[in-house]
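Below: a set of structures, written as structure tokens.
Two complexes are shown next, each including chain A; its partner changes from chain B in the first to chain C in the second.
Moving on, here comes the complex of A and B:
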């Protein structure tokens, strides 16, 4: 899998500034390994997802082996996707962006590749333990506690690398993406440590434990995935279309309001639960305040794109990134509304929440990582993607699959919630009602998996350098004359 | 219980203090001044404003 036959580095730019290509080369080993590992976990997670999805409408499917029961494949799906695919792709993109934005080489060239190996082994071990039935039973923290030590070590190395890059940076301005990335890198380890300590220390029980659990899970989304996703959008959109972000002022306001408000919102996952009412109200207020960063980001990205939407036809990166950025707005609006007690009364405990969850982790975050991969990987491998057709298959299969997933379960989930609140409707009638929609989710899952396989095929060929070679620091630059 | 309190308070103080520190640092080093330069900092002589930098393989008419 080792990419790279060492090639002589081209001359740097005038002065002592490193050229873009030198920086990209320095990231090659670490970032490509993170991304390739992430893609492998994406495939594993998709398989587990399909199993979980099919079991919801056909419970007898592969139910004879205990390690394939719903109670195990579902958390295994969540954990492989969140800690394998999402986090590893996120770390790869984060390291590359930081090196580029600071205009320095990626530091720790020996230690960082080691973290890829450790991270992979940790996720593999955790997933096997879940399938063996040794899950901790705490949502989002199903991996055994030992995994913390390994991922914690990797994160410590990643923090050191981030700080080194920042300290050595060759640019005067700290670009808005760097704010987000620094936030993510510093917040996540604290969240993870606190999350594990609070749920494993025997003193925290019952309601307090649930509150700690959801404070953690919510912040993994809001203070880890969200900032990495937004940092990517803030870099890729202006960079691809060649136009500075519309309002830099707004972009900084968006960062600081996210940092201030997001971590208050965790208790909105427990609305209606036996928590002190004020604690839930705090979460709801936090969710409402989120309108500020969300609207700020949405307006800013839209105005940056204004007049440039025609590039969607020609740029794969932009397609994925813009779909992701638009999904961010939608999922956040939906989330803020869902946090209102009147709405949550209906939607909680239904498929509606699952639809929202995937609009966030898939349509926003996963699509953003796909977009970033289309930009980053060719530059690291010095090779062009081998097929435009497979990229189109990837885009349309995942987009249509995601749309079907969200529309079907949002509609069915809402109806399901209304019916559950009506004491005259027998429970089994509601189960029957949802079945066709669960089938449509499985269909959506097949479409999305087709997309993932196409993507994996493209990445595989790229890593084997089976595409046209790129020359010069910019992709496709030589075609300028053509 | 001691461990729990220790971790919670350590986290709260560290996270809070680092945010205040970052904000103070940003104000002092002029990160909130000259927004135009901030927005332009991702472009340079090699890839100036106005250059489109991504296209489907084999189909890019521009750059």
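Moving on, here comes the complex of A and C:
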């Protein structure tokens, strides 16, 4: 493992490179606050998730006020997780990775911390407005339109910071992670602004709004979370095992095929719907083409890891990152197959899709951000994680919770779809069939929440600098050679 | 610097192309779509006004879309028509005035594209909204008691109130409940469109 303490070099010498310590110090305020905010939203989102999940099998639970009704708690859960937890963790990791990879200090030291405050207020305001009933009603874009101005401002600052780092970079060669990060930072604001404009504009009519909706929503995963997640994997796996990425060319092929094809996949959410057939077909073709970037990335990561899987026993970062990377392969294969008309005829409109969405946003992206946090935060705080036991609780609770979630809802959703396509089965019999599986989902949610509380406890102690000073990393088990 | 610019342009081009392909081109395809005039001179679909439009906003605000779709898939693809959820598949013109669109992606509950035709009874809808298990035993739909005022049992029925079947009293729908019913009642695609024969 690469030690965090590098040779401090005097500044201003020709050709010198900033030491990692100096880069990390420049990131400390902004990145730590983005990550801590993200963790707070993760807890809020978990609470909303549990509420929504319990309401699905026990509809009378907390049902006497409109702001707590299922139809409001559910989008509040999604929005806090996507815009609070996922995006804020993503921005924190993205800024740190760019500074490290470009070997420059994080620019805009006054403006970037301000964006943390604005972003938090925007998510808080949007979530409260959803609970009050002011949602736009568009899935993944439920926040009222005015939230766009605030998150848009933050993203503008983040774009400037990213461009400054990229242009000032001290390393001629660009690493594959930088491509993904640069993509993410340009794609997301464009998607968000256009997503809102196309949803609101009077000139966009009827079902074209549905196409805009799923172009946006699918690309939040595809062109925002996915590139940040893959950039993290491409950085962390070689870092932790101390080996370069297997193939540079495969990396580039993976990036550009993702950039070209992922965009077009979104309309597979509308198969069978009242849209022109060609539009849905394009979405299916885009989904099939995704096999190329996914296989490319999977092969590249696997060949990098080959012979080094023993590190999974010791490194918390690697354990989360590898589980996340493997989930990326699984969720992408599943996604491509689900886009086939014959599969979609059954799976559409069922819990199967919900399970699939969580495999992407949780098992892939969220686990990846956990792995990144285990690597980045100690280096920023000059402190180690105070307890390996809590890390183990975090890992096993979230992993088992996610596995239970996915298995239960995938099975139940598939059966639900088959029963729905048999007109002789009364609808309420299908509702009855799904109930035990909705309970298993609540149990899975409890497990994941236990993991999140453990993680929050670790982060809290870390930022209070209650661990040992940073000398070596906290490992899950002692290494034999050590 | 030049390299950065090239990369940035390439990155943006990919997403601009898909936006044009998936949203702008279909929207351009719909540019001349208008209401259909039937033999009696009626225009379809109808643009919602008054209580129906307010009810639609209530449907959005309460998040009904997270469990109910409003789309009927074609014959031989799913069993939407066989389940009696529609008279024909739905087509783009049915959604001419929809903003936001409410196609939905989840059927925890049944499709509602034609609920007004399937279940026109005001009493049924009010009881169902108040507590779904009254009309649909085993349903997991949340009760919407907050849209009603409960009135103690008495001999004289309050105006517009509905008697609870267990004789525990009357429920008096709020204006929000009335508008929601007006909207649900309006969901009826039994009109004919030339592009979608029944």
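Rule of thumb we're sticking to: the second predicted complex is superposed on the first by the 455 of 482 C-alpha atoms of A that agree within 3 Å, B and C clash if a C-alpha of one lies under 4 Å from a C-alpha of the other, contacts with A are read in each partner's own complex, and residues count from 1 in each chain.
Just so we're on the same page, a residue touches a chain if its C-beta (ideal position, glycine included) is under 8 Å from a C-beta of that chain, and two chains touch if they have at least 3 such contacts.
What you are looking at is a predicted structure, and each value in this text was computed from that prediction instead of being measured.
Colleague: Put the two structures on top of each other at chain A: do chain B and chain C fit, or clash?
Modeller: clash
Colleague: In the superposed arrangement, does A:186 touch chain B (first), chain C (second), both or neither?
Modeller: both
Colleague: With the two structures laid over each other on chain A, which partner does A:204 touch: chain B (first), chain C (second), both, or neither?
Modeller: In the superposed model, A:204 contacts both chain B and chain C.
Colleague: One more residue to check, A:82. First (chain B), second (chain C), both or neither?
Modeller: In the superposed model, A:82 contacts neither chain B nor chain C.
Colleague: If you stack the two complexes on chain A, which partner ends up touching A:259: first (chain B), second (chain C), both, or neither?
Modeller: In the superposed model, A:259 contacts both chain B and chain C.
Colleague: Per the contact definition in the header, classify A:194: touching chain B only (first), chain C only (second), both, or neither.
Modeller: both
Colleague: Between chain B (first) and chain C (second), which does A:57 come into contact with in this model arrangement: first, second, both, or neither?
Modeller: It touches chain C, and chain B stays clear.
Colleague: Would you mind checking which one, chain B or chain C, touches more residues on chain A?
Modeller: Tallying touched residues of chain A, the top partner is C.
Colleague: First (chain B), second (chain C), both or neither: which does A:66 touch?
Modeller: After superposing on A, A:66 lies in contact with chain C but is clear of chain B.
Colleague: Once the structures are superposed on A, label A:423 by its partner contacts, choosing first (chain B), second (chain C), both or neither.
Modeller: A:423: touches chain C, not chain B.
Colleague: Quick one: from 4-12, 40-48 or 166-174, give me the piece of chain C that collides with chain B in the overlay.
Modeller: After superposing on chain A, the clashing stretch of chain C is 4-12.
Colleague: Using the superposition described at the top, list the residues of chain A that contact chain B and also contact chain C.
Modeller: Looking at chain A, the two contact sets intersect at 174, 182, 186-187, 190, 194, 198, 203-204, 256, 259.
Colleague: Would you mind writing out the residues of chain A in touch with chain B in their complex?
Modeller: 13, 19-20, 101, 171-176, 182, 186-187, 190, 193-194, 197-198, 201, 203-204, 235, 238-245, 247-249, 251-252, 256, 259, 311, 314-318, 374-375, 384-388, 391, 467-468, 473-477, 479-480, 482
Colleague: For chain B, which residues count as touching chain A in their complex?
Modeller: Answer in residue numbers: 1, 3-4, 7-8, 11, 14-15, 18-19, 22-23, 26, 31-32, 34-63.
Colleague: In the complex, go through chain A and note every residue touching chain C.
Modeller: That would be residues 55-57, 59-60, 63-66, 69-72, 74-75, 133-139, 163, 166-167, 174, 179, 182-183, 186-187, 190-191, 194, 198-199, 202-213, 215, 219, 223, 256, 259-260, 263-264, 266-267, 269-270, 272-276, 279, 282-283, 341, 345, 348-350, 353-354, 420-423, 427-428, 431-432, 435, 438 of chain A.
Colleague: Inside the complex, what are the residues of chain C that reach chain A?
Modeller: 1, 3-4, 7-8, 10-12, 14-19, 21-23, 26-27, 29-30, 33, 60-67, 69, 71, 73-74, 77-79, 82-83, 89-108, 110, 132, 136-147
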